[in-house]
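Naming follows writing order (A, B, C and D), and every chain is counted from residue 1.
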Amino acid sequence: MKKLINDPKAVVNESVEGFGIAHADLVTVHPEPLFITRKDAPVQGKVGLVSGGGSGHEPLHAGFVGRGMLDAAVPGAVFTSPTPDQIIPATTAVDGGAGVLHIVKNYTGDVLNFETAAEMAEAEGVTVRSVLVNDDVAVEDSLYTAGRRGVGGTVLVERIAGAAAERGDDLDGVTAVAQRVVDNVRSMGVALAACTVPHAGVPSFDLSDEEIEIGIGIHGEPGRHKIAMENADGITQRLLDPIVADLSLASGDRTIVMVNGMGGTPASELYIVFRKVAQLLEGLGVTIDRSLVGNYITALEMQGASLTILRADDEMLGLWDAPVHTAALRWGA
Amino acid sequence: MKKLINDPKAVVNESVEGFGIAHADLVTVHPEPLFITRKDAPVQGKVGLVSGGGSGHEPLHAGFVGRGMLDAAVPGAVFTSPTPDQIIPATTAVDGGAGVLHIVKNYTGDVLNFETAAEMAEAEGVTVRSVLVNDDVAVEDSLYTAGRRGVGGTVLVERIAGAAAERGDDLDGVTAVAQRVVDNVRSMGVALAACTVPHAGVPSFDLSDEEIEIGIGIHGEPGRHKIAMENADGITQRLLDPIVADLSLASGDRTIVMVNGMGGTPASELYIVFRKVAQLLEGLGVTIDRSLVGNYITALEMQGASLTILRADDEMLGLWDAPVHTAALRWGA
Amino acid sequence: MTKPLDPRWAVLWIHEAARVVAENRTLLIELDRAIGDADHGENMDRGFSAVVAKLDAGEVPGTPAAVLKQVAMTLMSTVGGAAGPLYGTAFLRAATSLGDAEEIDAAAAAAMIRAARDGIVARGKAEVGDKTMVDAWTPAADAARTAAEGGAGASDVLAEAAAAAHAGAIATEPLIARKGRASYLGERSAGHRDPGAVSTALILQVAAETAGGQTA
Amino acid sequence: MTKPLDPRWAVLWIHEAARVVAENRTLLIELDRAIGDADHGENMDRGFSAVVAKLDAGEVPGTPAAVLKQVAMTLMSTVGGAAGPLYGTAFLRAATSLGDAEEIDAAAAAAMIRAARDGIVARGKAEVGDKTMVDAWTPAADAARTAAEGGAGASDVLAEAAAAAHAGAIATEPLIARKGRASYLGERSAGHRDPGAVSTALILQVAAETAGGQTA
């Protein structure tokens, strides 16, 4: 294992420390317990937005803290949900009197830790709502399982709910918008090569030179199945088809599309995937109204990509375009 | 070799095509011969900025086309300088009557092809100046060699010269500012693992699990020497020392610092490097006035990082802060 | 050579649990790598190291319940992931079930394991057969009750629980996961033991060993 | 079995050059991988494929110079990198040196190679010993002059040039590069042949072969 790190156990702390120095104009890093808030938190009268989860998905979540997006991010150990003792102070720190929305990716660990934290924060007088992101179509959604994972859709939820909070929507309103995004966003991912978790020291799965993993998440888990390596257009079709089916995308639908790199894939390849997505959606009469192509929710240095599609309405597009100023997403500000 | 590509020979065309679709609001892609201009080119009365070079360094250069930065980017084949027949029309397309500045990275191929193109464009009536970026301290600068390479400093030259052009400086003025940046910017890089050029199909150099390459460029070339793997702090010191020495950085100096990923290194690791750079510069009494941490000038999916430091003055800092709106760098717009 | 299950035993148990978790850190990471995200060993090791540091820093609490409550709070705030809240709840419920008794008798030992198991089910909503730690805790709780009802001593109750947890962990191997991270793998999750079930068996095993218990 | 060095020979030469470059694409990539950026074989193959496509699409030009000028322009606009302008200039200067002669005699052949070599030096500023294609072109030009002055036929002039280029390419192996991308490697560039010198030797070799030349 070769990584630009010092001690595997210090990776998250040192990385967040560096992040805090680089973006001192935008964020404050609270070291013990670890969480990150926007510089001007709490914003009085504004709904506070908190998200978090295991580290290793950078820029998610700390890179999305700032005006028009998150008020706080809570990083756990690499690929490990944070603990309630981090989430509680992050929640109270960003409560400007209008309550706090937790944006939680659907993993047992995230759900349980945020659940506990919400209960305790409520006991401290903060009104907390939660929205559960579960956009990964690679995973079956069923009452008898842990349900679908939360992956790329999280970025879109954070952006759009963040804009709603910034324009002054109340807690119910922000929660409703966030839920509407959750209901209309789906994702699917592929890995060409695994990542190596620093404390584990070995790749998170084994893959031969001729195989890829389809239906991967963002934690270096193996995917739904291995298939033989294909070209970019073929892989793109495999990512798109289940999303189109699950969302029943049809001619006339408007979308926000994200082609996301898993950390170790060059931008040039992501644009090749985006090109094919654009061709295929055009063939279906579906328009791409906004797009993101780049590394937004990663799995360390994993090679691969994910595709996220949101069926967007006027309000979502308007909120998308509103100013945002974070380390990793910025426009209009 | 596993990559999200179709045909190795189509990588650049398909990728730029996807880029053009994703950023249709910002750029126009001219396919044959291939170059990219900002949407509103030529801007009348403004000096036009053209850069280019081999592909595989994305977001450089196309990702920096737009207001406040480049007017045109000219992508060659992967790691291969573009040809004059691409550079000439790119140059004439962005001439708004105030002349064009070529920003050329110091490689024999880039120099020769831009030289030829400048001559021919001048013959067509465009006034052309050139600035040669040669910031890589890993390479000896001597009259008897090809001189230092142009690497990360290019991003800073493009940004600052772009801002000068945008505010209306004339060709001599823009050229002078660009040259001042070149004179004050230095870089040094490290690779933990090689990249694979699509048409070659094998990694560009061989490195054992215990070795790293110090003093690499951005073309998958081997570096100045192999050393045994070290931790992030040790490697950072090795990147910083020769830059500090070459620039004679001293207490009171103000800087713009870029910690750049080579394509396959996670953001979290780049922030660990940045943290150490900040500590070391603070120890020297040198301030970091602005910074960039992320993938800005890459070598496909190479694992590693480079450090770029510009000794900045008031004017450079002011130009840095001016609005920029490109696919990969955006603020104030 | 059974011991009274007093606060000092509880502290000893937890020390041994920390040791066995550290010893099996790589095994637990490997198991989680196969069907999860390769962190269970790291999470448990981080948590139990913190627990031991915390216990060592203070006086031995007055009751076994007080020890286990401290363990619960520390695990909750240091383990993270799914295992943190689940083990945290398990130790918290175990503590609550013990009240302020100064020693744990056979019935209390059985009740403690049942309470831990029920806490995990309440939080995680997994059923037996879902390929989670519930598949170790449930047979452990059942075996403990049977042993207590059959007149075994407290330490032997723990020994029966540990043996059942161990068998339960082994039995997760062919199962297809329906809860937790392994469920994302669908049928590919079969053929590997559940890491949380294995860590459960390890922790119960040292409970029995430190108590000096033996299986019937 | 020497041939008249007329326009049809020039076209044949370039066809053979394209073939030998394609055949050695991987070798040239490998050489460039060792001390450069692994693209010389790809660049040359792309360029010469384009050249052949262009030649095949039109009539055979009236003079060897016209053929070589077309080659120059196409290489310049398709090869890229350092090799594109250098080979482009080489073929352009070679063409210019031939004027509108319909056939190339021994003196013209020697002058053509000299002109190509001088063009490369003018553009690239490399000297002999810098570990570049100049280390193949310079001995080639020298050998060609010696052969022509010694009364050899045009095809044998080419054969002597090719042999010298080949020896020159081999002799780049121990050198430390001072120009081009390999110079960034400093002493690590020693121990590998220069890719551009090797491609030069290949192209001159097929020039000689298509002309039917033999070394003395």
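As a working rule, contacts are C-beta pairs under 8 Å (C-beta built on N, C-alpha and C of every residue); 3 or more make two chains touch, one makes a residue touch a chain.
Computed from a predicted model, the values in this text were never measured in an experiment.
Chains making contact with chain A as well as with chain C: none in this assembly. Among the remaining chains, the Cα-based centre furthest from that of chain D is the centre of C.
Remark: chain B and chain C have CA centroids separated by 55 Å (rounded to whole angstrom).
Distance between chain A and chain B, defined via averaged C-alpha coordinates, is recorded as 29 Å. Mean C-alpha position of chain C lies 76 Å from that of chain D. Chain geometry summary: the mean Cα position of chain B and that of chain D are 33 Å apart.
Which chains touch which is summed up as A-B, A-C, B-D. Interface residues of chain C facing chain A in the complex, by the touch rule stated above, are 29, 33, 36-39, 42-43, 46, 76-86, 123-124, 178-181, 183-186, 188. Remark: chain B residues 9, 33, 54, 76-85, 107-109, 112-113, 115-116, 138-140, 144-146, 149, 197, 199-200, 202, 204-205, 217, 219-222, 224-225 touch chain D in the complex.
Residues 1-7, 11-12, 14-19, 21-22, 55-56, 58-59, 63, 192-193, 209, 212, 229, 231-233, 235, 263-276, 278, 288, 291, 293, 295, 298, 300-301, 303-305, 330-331, 333 of chain A touch chain B in their complex.
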